[in-house]
Amino acid sequence: MSESGAAIEVEGLVREFRKGPRAVDGIDLAVSPGEIYGFLGPNGAGKSTTVLMLTTLLPPTSGRASVGGFDIVHQGSQVRASIGAALQEAALDSILTGREHLLLQATLQGVAKATRVRRSQELLERVGLTEAADRRVGGYSGGMKRRLDLALALVHGPRILFLDEPTTGLDLQSRTALWSEVSRLAHDEGMTVFLTTQYLEEADTLADRVGIIDRGKIVAEDTPARLKAEIGSPTVEVVPADPSTADAFAEQLAQFGVPSRNGRDSIGVQLPQGEAQLAEVIRALDQAGLHVASLHLHQPSLDDVFLAKTGRKLEGAAAASEPEVQPAPRGRRRRGR
Amino acid sequence: MAAEVLNAPGLLEQVAAVARRSVMRTLRQRALLVFPLLFPLILFAINGSALSAATRLPGFPPVSYRAFALAVPFMQGALFVAVTAGTDLARDIESGFFNRLALTPLRGGALLAGQLGGSIVVACVQSVVYLVVGVATGVGIASGVGGALVLLALSILISFGFAGVGTLLAVRFGTGEAVQGFFPLLFVTLFLSSSSLPRSLIKVPWFHAVATYNPVSYLIEGVRSLVITGWDARALALGFGFAIALVILSLGFAVAAMKNRLVRT
Amino acid sequence: MRRFLFVARAVAWRSIHNTLVSPAILLPSIIFPLFFLAAFAGGLSKIADVPNFNYRPGYTAFQFVFVFLQSAAFGGVFTGFAVARDFDSGFARRLLLSAPRRSGIIAGYTVGALLRWFVTATVVTIAALLAGMHVDGGGIDLVGMLGLGILVNLGAALWACGVAMFLRTEQAGPLIQMPVFVIIFLAPVYVPLKLLTGWIHSVASVNPATVALEAARGLFAGSPEKVALAFALLVAGIAVTTVWARRGLASAERAG
């Protein structure tokens, strides 16, 4: 661990690509041992670039960071020995079986010969791949590949785990299973997990703390609950039964705050005193003789947090962001991308 | 549960692990072996007969054209080994598997040496098949059984050198398309040599000059000398010399290129 | 007929447009014939000294004619690769969905192949002339030789389209290429038919490619022979490969 006791500590980390914008523009963060840190942001925000730097696969342009108490620039081999990583691509060999992958990884990581087979079997059981262990990975589903990816990252018993968008493209069941395992690793085994994601629900459900990154900078960082509370009150959204009465609805809702017209002829308003005001809203509309087709109460989300901090919604931000400065797979030379 | 991790594995253990994977991949994709095996043999069958009129040229060695041409499949096979070795490694780079390996204590040189393990297996199989087919179609090996073994050794060495070229291209450019894009160039070096006629019978001055300076000519002539001449010290020295030089240069450059590819702090 | 032509024109336009936008696509189909011309005419020119080799225009011309027809054949083969790629990428499905007369798709691909081959043939011809090739045939003879090349290109393109449409994957490449390669090389590539011996002479004697090649060489030398037979065989070949390509199209349609 670093002198401050953090498992991961980052100060002013910058990564510039030649002829390109700064993919990571001076970020500071600290992750405590045993914590699940969610790094949330749209495509092109700098998440994967940050992970590549922290896992020593990409040197930073400036700034410093330590992982497991080791400097990422000067003590790279010690960093790699203490981390496991499941990067953005599942990066598996379709010709090898799951078991063969684990044995290869175990050998290369220096796991003692006597324990490689046992360790591989343990991990296969843990990620639920025992039955498929001796089938070629080319026949695995996306979820199975991700589980194998996770097992490979754990083969040498690291203390810190990096997961780069681990559930992208997975179905709900696979995603939930992966969340469950990640949560168990952190809370039962004390593993530190640095997780990047573009899914709000993933960060919200899984992370102890969330750092929101946009255009290379961290724009917010705290627990999910505190971040949302900072944004404030819930919003009620009402759809009139008769669309022609929308103006009348807006007039009634104006008692509570500034109404906003959303798509689908719905009108929303923030409730400054929280969900307790919901009954007053319904009473006001009823007394005005206005009929409601549907009514929804929205709690603030991390998307609202992102919107408040950046002026854009997270789920639309990928389209609006600058050309992605994702580090290319190692097969392509980076030319400022 | 933590694994018992000792110090980083030794170089040999790393090479063996990667080589084991490379060999497994080769043996499990047997269909990919068929075309590189068959194509040179088809060309050998066709050219061995179609160019038999060349034996009537004054100055042509007193052997059948098939015997003269037997060296060519070994070279063509080596080119295919180059492309296969290169595209295999390029696939690892493109898929991100390379990153997975980079996160281990694996050394760059060990990765290269291990990756070439599968190429050695292919080269061995190919060389034996070409030799057997040649003998079965009536080609006598002038240098005898010992010469046949030396021929196999030279052929495998040449294949290893070309595999190094393919690996260099993969490490340098990182994509399968780039590796395959170079294949025509490698093919050209084969044709612009003494593959079809002895150098003394190449009439066109520029072609003669190119064939004389083309190292592939000496690789072919080294193999060919064992088939049609017997023990030709000069041809063998040049053949083995250029093959060893190819191995050293290609792998040397590949290791250097690996430093840029395997960027780890 | 109008819809057929409309579809054919659209597909051919796309093929030409892609080539103009990315001329590198043409490079393999230009470089390989040039390379073969250099290798065969340059490296094997001594073959002309073999007794009874008496092709009047010389060995460069002898090989030029082969390369001319070979480039036509491989131009067709490369089109098949493009069709296979379209299937792999899903673009072919889009074509099948939107084309009112689907047979026009095949026509479009083959017309595209032909137009691209004209470029290759021009480059190869210029290169051979610069290398000092003698031309003994007259205008009509050379037009006849061009006609043979056109038919070879169309036949190869239809064959390749058929295979690509049956298999619908880029991995069909070797299956598209190998039969064409073998047929071409089982013809008198390096020496005239009469100088071949052994099994290759027997095979080449019945190989239709031999008729086309010898007819083309005869035209180039101003001594045409078996020209009518060559044209008849190639037209028959096109008829067969048209049926083949149509069957391939039907297979692709059934697969959806």
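Think of it as A, B and C in the order they're written, each chain with its own count starting at 1.
Just so it is clear, a contact is a pair of C-beta atoms (placed from the backbone, for glycine too) under 8 Å apart; a residue touches a chain by one contact, two chains touch by 3 or more.
All figures in this text were calculated on a predicted structure; none of them were measured in a lab.
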Task = Look at the interfaces B-C and A-B and say which one is made up of more C-beta pairs in contact.
result = A-B
Ask   = By CA centroid distance, what chain is farthest from chain C?
value = A
Ask   = Whose C-alpha centre lies nearest the centre of all protein C-alpha atoms?
value = B
Request  = List the centre-to-centre spacing of chain A and chain C in whole Å, with centres computed as mean CA coordinates.
outcome  = 55
Request  = Provide the C-alpha centroid distance between chain B and chain C, rounded to the nearest whole angstrom.
outcome  = 31
Task = Measure off the straight-line distance from the CA centroid of chain A to the CA centroid of chain B, and report it in whole Å.
result = 47
Key: Sites on chain A at which at least two other chains make contact   = none
Task = Give every residue of chain A touching chain B within the complex, in rising order.
result = 55-59, 72-74, 76-77, 79-81, 83, 85, 87-93, 95-96, 100, 104-112, 114-115, 119, 122, 136, 152, 155-157, 329-333
Message = Applying the document's contact rule, which stretches of chain C touch chain B when the two form their complex?
response = 28, 31-32, 35, 38-39, 41-47, 49-51, 53, 174, 178, 182, 185-186, 188-191, 195-200
Task = Within their complex, state which residues of chain B touch chain A.
result = 1-9, 13-14, 17-18, 20-21, 24-25, 28-29, 90, 92-106, 174-175, 261, 263-265
Note = Residue positions on chain B within touch of chain C in the complex are 35, 39, 42-43, 46-47, 49-54, 56-57, 184, 188, 191-192, 196-197, 201-204, 206-207, 211
